[in-house]
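Structures given as C-alpha cells follow.
Look for chain A in each of the two complexes below; its partner is chain B in the first and chain C in the second.
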Partner chain A sequence: MPLAYLVRRLAMAIPTLFGVAIVDFVLLRVVPGNPIAMMIPPGASAADIARLRAFYGLDQPIPVQFWRWLEALLHGNLGVSIDLRRGVLGLVMSRLPATLELALLAMVLAVALGIALGVGAIYWQGRWPEAVVDGIAGLGMAIPDFLWGLLLVLLLGVLLPILPISGRIDPMLSTHFVTPFYLAESLARGEFSLVGSLLAHMALPAVALALPLTAVIARILKSALVEAMSQDYILMARVKGLGRARIIWTEAFRNALVPTVTLSGVQFTFLVGGTVLIERIFSYPGIGNMAIDAVIGRDLPLIQGVVMTFAVLFILINLLIDMTYVLLNPRVRHG
Partner chain B sequence: MSALLEIRDLHLEIGTGRAALPVLRGIDLVLEAGEVLGLVGESGAGKTMVGKALLGILPPAARITQGQILYQGRDIAAMPAKPRLALLGRDLAMIPQDPMSSLNPVIRIAGQITDVLRRHLGLSRRAAYERARALLESVHIREPERVLRQYPHELSGGMRQRVLIAIAFACRPKLIVADEPTTALDVTVQRQILRLIRDLQANSATALLFVTHDLGLVAKICTKVSVMHAGRILEAAPVAQVFTRPQHPYTSALFAATPRYDRPAEALTPVPEALTARLWAEAAAYDAARAAAGVAVGGRAADA
Partner chain C sequence: MDETAWRRSLGNPRVLFGLAVLALLALAALGAPLIAPQNPLHQDLLASFAPPFWHAGVVPGHLLGTDDLGRDTLSRLIYGARIALTVAVISATAAGLIGTLLGLAAGYAGGLPDAIVSRLVDVWMAFPPVLLSIVLVAVIGAGLEAVILAIVIVDWTRFCRIVRAEVLVQREQDYVAAAVAIGLGPWRVALQEILRNLLPTLIVLFTLEMGIAITVEAILSFVGLSIASGAPSWGGMIAEGRLYIHQAWWLMTLPVGCIIVSVLGLNALGDGLRQTLDPLVRR
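Entry: the complex of A and B
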C-alpha cells in the first residue's frame, strides 16, 4: 500500500468533515427547540433566559457561533455539554469504546455468517440449502436492524429469557476496568467470566445489527460466486481434477470477494449508524444512546460532537474498505 | 488391447423435453497413444462439445443421451466423480482456446502450475515449485523465476498460452484436448505456439485431440482427421489421404474455403449453401428416423 495514497485519502477527509460540520451546525440551529428552553425552570424571567443564552454564546449570529466552535475544535476542544456540564470530547471518548466493541463484534458476525451462507449456497447450488440461504437473505434485508432488535428482545429476552436484554455487563460482577474497552481488556486479562458476561450482553444487539449486513454479504457474495464459477479459469481448474470445495474456496472465492467488498462496503457504515437505535433498545451505554439523550435535551455541543465522531468513523471505514479492495485485487495493486 | 480413447456412437443434446436440441448425432472416434487427431468443422459443428464431453466439463444444460467415451477401455461418461477427477489433470488435460480468461486473475502463476502437480503427483511445495520452473523452461519462457511470481495480467497472450501449455503437460498426461489453441493469439505468435505444442507432443508421445476449423493447421500437426458437420462425422482418414483424395464433398468444399499461400485469396469459395442445406436436411432426417425408431428426443432409448 503506497503511503502517498493513504496521505491523499486522509487529506481528502478534511473538506468532507468541514462540510459535515457546517450542515450539522446550521441544521441544529434552524430546527425548532433550543437547549435553554429545556433547562430553565418554569417561571424563569426573560433576563435569566437572555443571560443563559449569552453564557452559551447562543445569542450570537450562526456564522459567529460556528467560527467560535471551529476555533475551539482546532485547539482540540469540542465544547462543553449543556445538559451534562462536562467536556464533549471526554464524554464521547468514554462512550465510544463500548460502541466500537459492539459494532466490531457485529461486523465479525456478519462477515463470518455472510461468507458461510454465500459459499454454502454455491456449494449446494440447485438444492435445498440454496433456497434456505435465499430465504434468510431476503428476510435479513427486508427487516431493518431495530426491528430485529425488538423481535430478539421479545423472543430471547421475554418469551424464552436466556439472554440479557439491557446494559453492557452484569452489574453484580464487581470489577474495575482500567480502559473503556471492557471486552478487549477482559480478554487480555484472561478473565473469561467477564468475557462471557460482556458477550452475553452484546449478543442480541450485535445479532440485530449484524443480520442486515449478513444478508447483503450473503446475497452479493452468492451472485459474485455464480459469476466467478462461470469463468474459463474454473473450467481449467476442473480439468486439473480439483474438487468442487477446493475450486470454490481457492479459485472462485477470492475473485468473488472483490465485487462483494465493493458492493457491501456502504452497508458497513449503515451498521455503525444502526448502533444509535440498537443501543437505545438494549440500554447499551454507547455513544449512540448518549446521542439520543443529547437530541432530546437539545444539547447542541454534544450532538455536534457525536455527529463529527460518526463522520470520522464513516470515513475511516470507507478507507479500510478501499484498502481491502486494493489488497484483494492484484490488477489494481500493480496499476 | 483397447485403444487409448474410443468414442462410440456419442449422442448429446442441449436442453430437455421438447426444447431439446441434438448437438452430437452418433460420433465415433478412435485415438491411439501418441496420435494427433484433427477434429475439423465449422462453428456449430459440435467439435468443441466432443472435447468437453471427454473432459466432463459440459455446460449444465448439455446431456449425453447415448454412447460411450472409453478411455483405456473404461467409460468416462459413466464413471463416478472421484475416479474421474483422479484422471483429469493426470491422464487427461486441456489446452484452452482463450489464454486471456483461462488463468485465474488473483493467483500467481506458480500457484496455478503447482496445484495440479501437488494434486496428482503428491509433490511437496518445494518440489512442485522446482518442477513448475522446469516446466516453464520447457515451454521456452525466459526468466521462469520471475514469471512464477507474476499474476496473469502481467503476461502477454502468447506467454499465458505457454503457461497453459506447461500446465497441460505438467503431469505427463496421455491425452490432451487442444481446442483452437491458437485462435485467440496474434498471427506471429500462432506459429510459435503451434510448433511448441507439436514438439512437446512428439517428445512426450502424448495423444492430442486437436479441435480446429483450420485445415492448414491440421496439415501441420495432425496424423489423422475427422471432418464434422451438424454433430456427425462425415469423413475420417489419415491426413495424407484426406488432403489428396477427399471422399466427402463437404471436405472438398472446406478445402476450397481454406486460404493457402500458393493460391490467391480471391480464389476462395465459401462452402456452397446447397451443400450445407443438404447436410442439415440429412441431420434432420436422422433425428426423425431416431424419433420414429422409438428414441424419444430429449431422452434415452425408450426401451433397451
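Entry: the complex of A and C
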C-alpha cells in the first residue's frame, strides 16, 4: 500500500469533516425548542437559568459558540449531555461497542451470504437456483432494512417465537463484563452460554441489517462473474480440464471481486446508518437507540456528538473500502 | 422518448405491476372519504381490539378489526395511503427538482459550481440519511410539512449525483456540440437538450424516490416524530401495533404489509422502466 495514496486520501477527508462539523452545528443551533427550559425545575430563578445558559455556552454569540465547540471537538471534548448529565464522549464510547459488534456481525453475514448466493447462481447458471438467487436479491434490494426488521419481529419473534426480539443479552444471565465489547469478551473468556445468548439477541437485527447488503453483493458479484466467465483465460482453464467449481473459485472469482467491492462499497455505510432504526426496533442498547432518545429529548450536545461519531465512522468505512480496492487492484496501486 | 418506448413499457410485467400498485394507492388516497367504511379517527372503546375477518368474533362494520382505541383498521389504512402518497409525490418532486438543477449546473458548468456542489454532496453523504432526517424533523418541528422538508433536504443528493454523472457523459455527445454551434445559450442547451435525454433516468429515479419517501415517512412516524399521534399514518399504526404485538399481531402486520406492497410496486415500476426506457440497459 503506497503511503502517499493513504495520506492523500486522508487529506481529502478533512474538508468533508469540517463541512460535517458546520452542518452538525448549524442544524442544531437553529433548533426551536429551548433545551434549558426543559431541564430546569419549575420555579427556578432567572439567575439559575442564566447560570445554566452560561454553563452550556448558550449565552455567547453564534460564531463564538461554533468556535468553542470546534475547539473542544478537536480536543475530543464533545460536551455534556443535557438529559443524562454525563460527558457525551463517555456516553458514545459506552454505547458504540454494542453497535460496532452488531454492524460487524451483519457485515460478515452479508459478505458470506452474498458471496455464497452470487457464486451459487453462477455455478447453477440457467437452472432453478439461479432464479432463486435472483428473487432473493430482488427482494433484498427493494425492501429496506427497517421493513426487514419489522418482518423478522413478526415472523420469528411472534408467529414462530424462536428468537428474542429485544435487548442485547438475557437479563437472567448474571455476569459482569470488563469491557463494553460483550461478544468479543465472552468469546475470549470462552463462556459459550454468554456467546449463545448474545448471538441469539443479535441474530434478527443483524439479519435485517445484512439482507440489503447481501442482495447487492450477490447481484453485483453474479454479473461480474458472468462477465469474467466469458473471458479467454476461462476458456484456457476449461481446455486444461479444470472443473467448473475450481474455475469459478480460482480464476473468475478473483477478477470479479474488484467491481464487487467498488460497487457495493456505499452499501456498507448504509448498513452502519441502518443500525439507528434497527436498534430502535429491537431495543438494542447501541449508539443509534441512544441517538433517537437524544432527538426525542432534544439533548443537543448528545445529538451533535452522535451525528459527528456516525460521520467519522462513515468516512472511515469509505477509506477502508478505498484501501481494499487499491489492495485488490494492482493497476490502481501503482497509478 | 417516443411512443414505442411507452408501448414497450406497458408490455413489461414489472411496469404493469408497479402501475397497478400505484393506481391502487392513488385510488385509496383520492377516494378515502368515499371508500373508507368508518371515520379513521372515531374511537369506540367498547369495540377495541376487534379481530379481523379471518378470526371468530368479528364485529360487523370492522372488516380488518379495530385497534386499542376501537378505531377501524381498514379505514385507517385507507387514509394512511393518503398521507403516504402525499409525502411520496411532493418530496420526490421537490428533491428531484433541486437535485436535477444542481446536478445539471455542476455537470454542465464544471469549475467552481461543480466543486461547490460536489463538496456539498460529499458532506451530505457523510451523514446517515435516516439519522439526518430524524434530527431534521426534530429541528423543523413535527407535522407533514416538516417530514416532506426533511426528506427533500436529505434526498436531493440521490438525484444530484446521478444527474451530474450523466451530464458529464452527455456533454461530450455530438448533439450538444451541434446545439452550441447553432448558437443556443448554455442554459438552453442544459435545460432543453441535455435534460430531454436525461428524462428516462429521471423518471426511474423519481419512482424509486417515491418508495424511499414512503418508507422514511413510516420511519419518522414509527419513531414518533411525524404527524400528530392518532393521525392515521402507516408508520404510526406500526408503532402503536408494536405495543400489542402478542395480543393482536395483525395491528402491526397490516400497515407493514401496505408499506411493503407499495415499496415493491414502486421498485418494480422503476426497474421495469429502466429496462424499457434506458437505451443503455436495453442494448
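In this section, the second predicted complex is superposed on the first by the 311 of 335 C-alpha atoms of A that agree within 3 Å, B and C clash if a C-alpha of one lies under 4 Å from a C-alpha of the other, contacts with A are read in each partner's own complex, and residues count from 1 in each chain.
Rule of thumb we're sticking to: contacts are C-beta pairs under 8 Å (C-beta built on N, C-alpha and C of every residue); 3 or more make two chains touch, one makes a residue touch a chain.
Computed from a prediction, not measured in an experiment: that's the story for all the values here.
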Fit-or-clash call for chain B and chain C when the two complexes are aligned on chain A: fit
Partner chain in contact with A:Glu251 - chain B first, chain C second, else both or neither: first
Which superposed partner A:Leu154 touches (first chain B, second chain C, both, neither): second
Partner chain(s) touched by A:Arg168 [first = chain B, second = chain C, both, neither]: neither
Which superposed partner A:His201 touches (first chain B, second chain C, both, neither): neither
Which superposed partner A:Arg298 touches (first chain B, second chain C, both, neither): second
First (chain B), second (chain C), both or neither touched by A:Arg219: neither
Which superposed partner A:Arg95 touches (first chain B, second chain C, both, neither): neither
When both partners are placed on the shared chain, which of chain B and chain C touches more of chain A: C
Least C-alpha distance (whole Å) that remains between chain C and chain B when both complexes are overlaid: 18
Chain C-facing residues of chain A, complex: 15-17, 19-20, 23, 27-28, 30-32, 139, 141-144, 146-147, 150-151, 153-154, 157-159, 269, 272-274, 276-277, 280, 288, 291-292, 295-296, 298, 303, 306-307, 310-311, 314-315
Touching residues on chain A, where the partner in the complex is chain B: 231-233, 235-243, 250-251, 254-255, 258, 328-331, 334
Chain A partner contacts - residues on chain C that touch it in the complex: 119-120, 122-123, 125-132, 134-136, 138-139, 141, 211-212, 215, 218-219, 222-225, 238, 242, 245-246, 249, 252-253, 256, 259-260, 263-264, 267-268
Contact set on chain B toward chain A in their complex: 55-57, 85-90, 92-94, 96, 98, 101-107, 115-116, 119-120, 151, 153-154, 164, 167
